[in-house]
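Presented sequentially are two complexes of chain A, the first with chain B as partner and the second with chain C.
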Partner chain A sequence: MKSTLKNPAVYIMFVLPTLVLYGLFFLYPMFSSVYFAFTDYNGLDATEYVGLDNFKNAFSDTNFRTAIINNMYFIVFSVGIQVPVIIIFALLISNVKRLKGFYKTTVFMPSILSTSVIGILWQFIYDPDIGPITDFLGWFGIDPIYWLAESEWAMVAILITNAWQWVGFYIVLILAAILAIPKDIDEAAAIDGANARQRAWYLTVPLIKPIISVVVMLSIAGAMRVVDIVLVMTNGGPYGSTEVMASYMVNKAMKYGEYGYGTALALIIFAFALVLTFIYQRTFGRTERIEY
Partner chain B sequence: MNRKLTLALTTALAMSTLLAACGNNNNSSEPSKAAESSAPPASESASPSAEPSKEAEPFTVSLRHIQIGDAQKFRKAILDDVVKKTEAEVPGLKFELDGVEDAANRFTKLPAEMAAGNQPKIFDLFGGNADALKYAKAGRLLDLTPILDELGIKDKFLNVFGQFTLDGKIYGLPIGGSVEGVFYNTELFSQNGLNPPTTWDDLIKAADALKGKGITPFAMGSQAAWVPNMLVNTIIGRYTNGFPNGIVTGEVKWNQPEVVAAYDLYSDWVGKGYFTKGELGKSYDDMLNDFAAGKAGMMFDGSWRSSAFKEGAVAASMAGKVGFVALPALPNAAGDQTSLNANYSNGYGFSSDLNDQELAAVKGFIKNLYSDEMQLRGLLEDGVLPSMKLSDESLAKVTDPVVKQVLDVMKAAGTTFVHFDAIAQKAVYSETELQLQKLIDGKASGQQVGDAIQKLQEAENAKTK
Partner chain C sequence: MTRSLKNSVPHVVLLIYVAIILFPFVFVLFSSLKTDNVEISQSPFGFPTELNFQNYSDAWVKAKIGTYFFNSAYLAVTSAVVGVLLAAATAFAITRMKFSVSSKLIYGIVLIAMLIPGNVLFIAQYKLVDVLGILNTHWSLFLPYTAGALPFSVLLVAAFMKSIPGELEEAAIMDGLGAAGLFFKIILPLTVPALVTVFIINFLGNWNEYLLSYFFISTDSLRTLPTGMVGFRDAYQTNYALISTGIVFSVVPVLLLYSVLQKQIIEGLTAGSLKG
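So, the complex of A and B:
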């Protein structure tokens, strides 16, 4: 037995099946998609090598540029607006004395719903004829807004819906971090005369910095690969004004059968996500380990 | 030594298990071999009633259809009867029906299956460059010419194979036809003392009068831009000679003054509030709902919608209150003013990958679906214009008032032209949708729309040369 474990062949035998599966279902598809990104593969006609044409086309295509900008909106909205809201709500919930479980469950609820359900629910909320927002605006004499039909509003409408879906999930993450901070630190600050706001800002927030950093990174990654909510609510419309990179890729590859171009777009999205998360990790994302 | 042997045996066992899992099942590879040998044009073997005396070996044939939802129930009933009849005729046959929503099938599911080469054996298919002809070129579709000859039904069809014919071979069978025109609410028109919109003046007068009374003149649902594109297609046809065939040959340009005038007219109507407010957020179903609820006086749509206005259908409240006319002649426009947009673009196609049994099933299906009986049922029950010649006696059985008007409109038409989605390349068609939505939202003028589409049209035309 002892000598068996010293035999490298034994290790290879155990590792090999996993390596084969990994190669078959991860490496092979990934490298073959890199190959297809340089071709005009459409499944029907003979495949030809087209060099960098797919990448050139992508960046010269105004619709794809709009999609990139929309992804940036997602990032800015989720990091600039969503994250502060998440922190504030988490701090508020952590300080309530009663019904804490109820609040936690309530805010978490949207993140367990399917995106299709959320999309249809919010389509109803935004409906210019029968939606509650229209009724609400009507009390102030404001005309109905065609939220999903007007290019000025459609993106905002999707951003709000997406935020509603995911805020709860992150609140619960941050809440867990807040509740893990030993009570005596907070009590010591209170005895020293710090009020609730000061304790939250100067004590709690710095102590939960590592988890905030994770939330920001997850938000960036989530914003880069967002697609389902767009497909359900507007399918990129009106006229591509809510198109994001992934929905544009899905449409190009699936609807038009331009699989070569589609895989090139997928590589671009992958590169974008990689670069952004790398930059974040190297700059703001650097946090020190906190010991209580 | 002993350990080495054990190790070698275990490795060999693991590898053989893996290889066995990756390998093909022998049983399942046999039919595909048979399919290769019986690839088109295999017409001599297996007729629908082939060898009934032999004990039937059960087999299944996949059938993709788009008859889902309440609005399609009449057509689904016809399909079900054809399926039942064919199963009874072909020993061992069992159809596996797969209902998929129209656009999902046409734009997502079928293209992916065609690319992978695993399309269903029988499937709903659209004609034209972007669909049937593209798949036919790639060898995915069964050449139906010998089957039509064998069944002796080729001459029974009207002149409907244009969008399904490649190099003289027929690759799809249109189930029926449609014309596009103006549905109007006769009750609303008579209440307001309006004439039916048979002339341009009457149409505009009606639109203005309805608008004045707070009723939307035209119900419209432009969330999916193929809906407003129907009206745009007919208006361009009225303004421009040689449309739409000329767009791929270069004879007609999207930015020539006549086409731009058509887009300007549409934009003008948007500005005047002739269409449903917020149309970009309204679906095709919303359009029918608005019209059926009396919120709008008119609606530009295909004749297939006539079946919605009969007893038991989705807009049954409108039964007997709907009129249908062609878009009236446009004053001072260069195109043929009697021309009508007529399409025989939707029907069934068949996989080229069939074995003998499946081929027999396909023949039985064609024989039963493309018959006088089913064509007449399609017309009477579903308002779909027949793609095959029907006797005057059969046509006289039509009692539905809207279908009668549709037939009259068709008779009165001087010439017909197809929708440009059957002619334009997919990328160009998609650009027309995008640009039209921009126009509706006031973000582009008719000229800008024309220029943008023409730019892409030229690039696509150059690709195909």
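So, the complex of A and C:
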């Protein structure tokens, strides 16, 4: 009996393919990244060890600094503006009696689609000549705006598109947590005379704090990872005004062949993400488990 | 009166939001049936004057959307299926078989990968597929897609398999099944719900993947939909009706899948983000 589940041949056969793929596409790239990051590897000249030069260069690279700031915009926008909106919509949906399922299904929909296709779709919507936004603004007498070609608008345009894609996903996450709260707590508060807004603010929101904290974490992680939408919609332009860390890293490597420098940037991005997550968990993200 | 008014306020707000979500889809669908940019710009919000299906055959054949579609479909399906099977086999070995030390080790290593955001390894993976000599072939996507899905898939399937009662396999072993037979005949069928979830997550991830497929594939006929669409946009920049058709082709299969499996998709993707 025991021997059947102690058959080493079967065990090895079952874990080996996974371990091989895993070693090849995770472990090996992890180690080679660390190695590349300390070299001037560019695919042409002989590769030399350059110590910390890549990292020093990264922090004096004004383009990369701009990219870091743009990532911060993503974080501020998604945490400061999106998260409150997400909470409000989740509360609204949880309180309606009819169409709950319809709202949930619809708002979730954009998050299952390809970011690159969404980028193309929104380019069309933003088109100053034939896009619908131009027409819409025209009703109010506003001149066409070259959303993606003007430095001061391009970032806003991308942030809106990104929000359009992801807000619904987080609404559903929070909605699930709200619906998991036992009904009798809410009913008790209602009997005590609390109105709907009071119940939402003093009862529901404190109870869903842990999931809100998770949503903030995921938003920060998502903002650090953002790349597809930038590459598709503006490729970092105009004049680097929408360049984010990951798109800058990808372009450095793939356009200019600076693999060594690019991997150093990748490691910096990774370190940034770790530090931000750590700081968040140590400060605002502290939540106790809630038992009902 | 005031009560019913009060009750309808949330619906009004939510319906405005729903309209914002749905508007781009309706807009693209209408545009795809219009003849050209002139007709779109004349009334961006209007119905097409006459249904013009010419764009659909043009996009499918001339603009190779059909080729991209096929590439995406078979890559997304094969790597999701292989990923699910490998993950299931590994999860079976580390949760049900009696090699606790190495199983814990494997589980730990797999967990580490969940911490690394995908982009970070991009350049190193590019160099790897280059060295392996599979750059610009579908292998350069199939292998990283399959590998990339493994950590999460193993964790999710392992969690599910742990909950299967041990009496079941004892009985099966009494009846003379070996470890492999036990896996295929007993455990795998019981794990189907978890496997479906994992398959859906992986399939959607592969179908939508952009970064690798843009930089690892340079031959046009090997491109997948997300990258093919970008090339398509660059080539037909002036013809929004045709671009809209391309968007419809790439969005509809996912929406069809969603209309059938929305519950599994929502559960799978939200669970995926929480584990990850």
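What to note about this one:
Here is the rule we go by: the second predicted complex is superposed on the first by the 267 of 292 C-alpha atoms of A that agree within 3 Å, B and C clash if a C-alpha of one lies under 4 Å from a C-alpha of the other, contacts with A are read in each partner's own complex, and residues count from 1 in each chain.
One rule holds in what follows: contacts are C-beta pairs under 8 Å (C-beta built on N, C-alpha and C of every residue); 3 or more make two chains touch, one makes a residue touch a chain.
What you see is a predicted model; the values in this text were computed from it and never measured.
In the superposition on chain A, contact is made by A:259 with both chain B and chain C.
Of the two partner chains, chain C is the only one that A:227 touches; chain B does not reach it.
In the superposition on chain A, A:142 contacts neither chain B nor chain C. Legend: residue contacts after superposition of the two complexes on their common chain; A:4 is shown touching both chain B and chain C. In the superposed model, A:180 lies in contact with neither chain B nor chain C. By the touch criterion defined above, A:17 reaches both chain B and chain C.
In the superposed pair of complexes, A:45 makes contact with chain B only, with no contact to chain C. Chain A is touched at more residues by one of its partners, and among chain B and chain C that partner is C. Once the two complexes are laid over each other on the shared chain, residue contacts for A:237 go to chain B alone; chain C is not touched. After overlaying the two complexes on the shared chain, residue contacts for A:188 are found with neither chain B nor chain C. In the superposition on chain A, the residues of chain A contacting both chain B and chain C are 4, 7, 10, 13, 17, 254, 259.
Of all residues in chain A, those touching chain C in their complex are 1-2, 4-8, 10-11, 13-15, 17-19, 21-22, 24-30, 32-33, 36, 89, 92-93, 95-96, 98-99, 102-117, 120-125, 127, 129-132, 135, 164, 168-169, 172-173, 176, 214, 218, 221, 224-225, 227-228, 231-232, 246, 249-250, 253-254, 259, 262-263, 266-267, 269-270, 273. On the side of chain B, the complex with chain A involves touching residues 3, 7, 10-11, 14, 18, 107-108, 111-112, 114-117, 134-135, 137-138, 140, 223, 277-282, 426-427, 430, 434-435, 437-438, 441, 443. Across the interface of their complex, chain B is touched by residues 3-4, 7, 9-10, 13, 16-17, 20, 42-45, 63, 128, 144, 146-151, 237-240, 254-257, 259 of chain A.
Chain C contributes residues 10-11, 13-14, 17-18, 20-24, 27-28, 31, 37, 40-41, 44-45, 86-87, 89-90, 92-94, 96-99, 106, 109-110, 113, 116-128, 143-144, 146-148, 150-151, 154, 169-170, 173-174, 177-180, 182-183, 204, 207-208, 210-211, 214-215, 225-227, 229-230, 233, 240, 243-244, 247, 250-251, 254-255, 258, 262, 265-266, 269-270, 273-274 to its touches with chain A in the complex.
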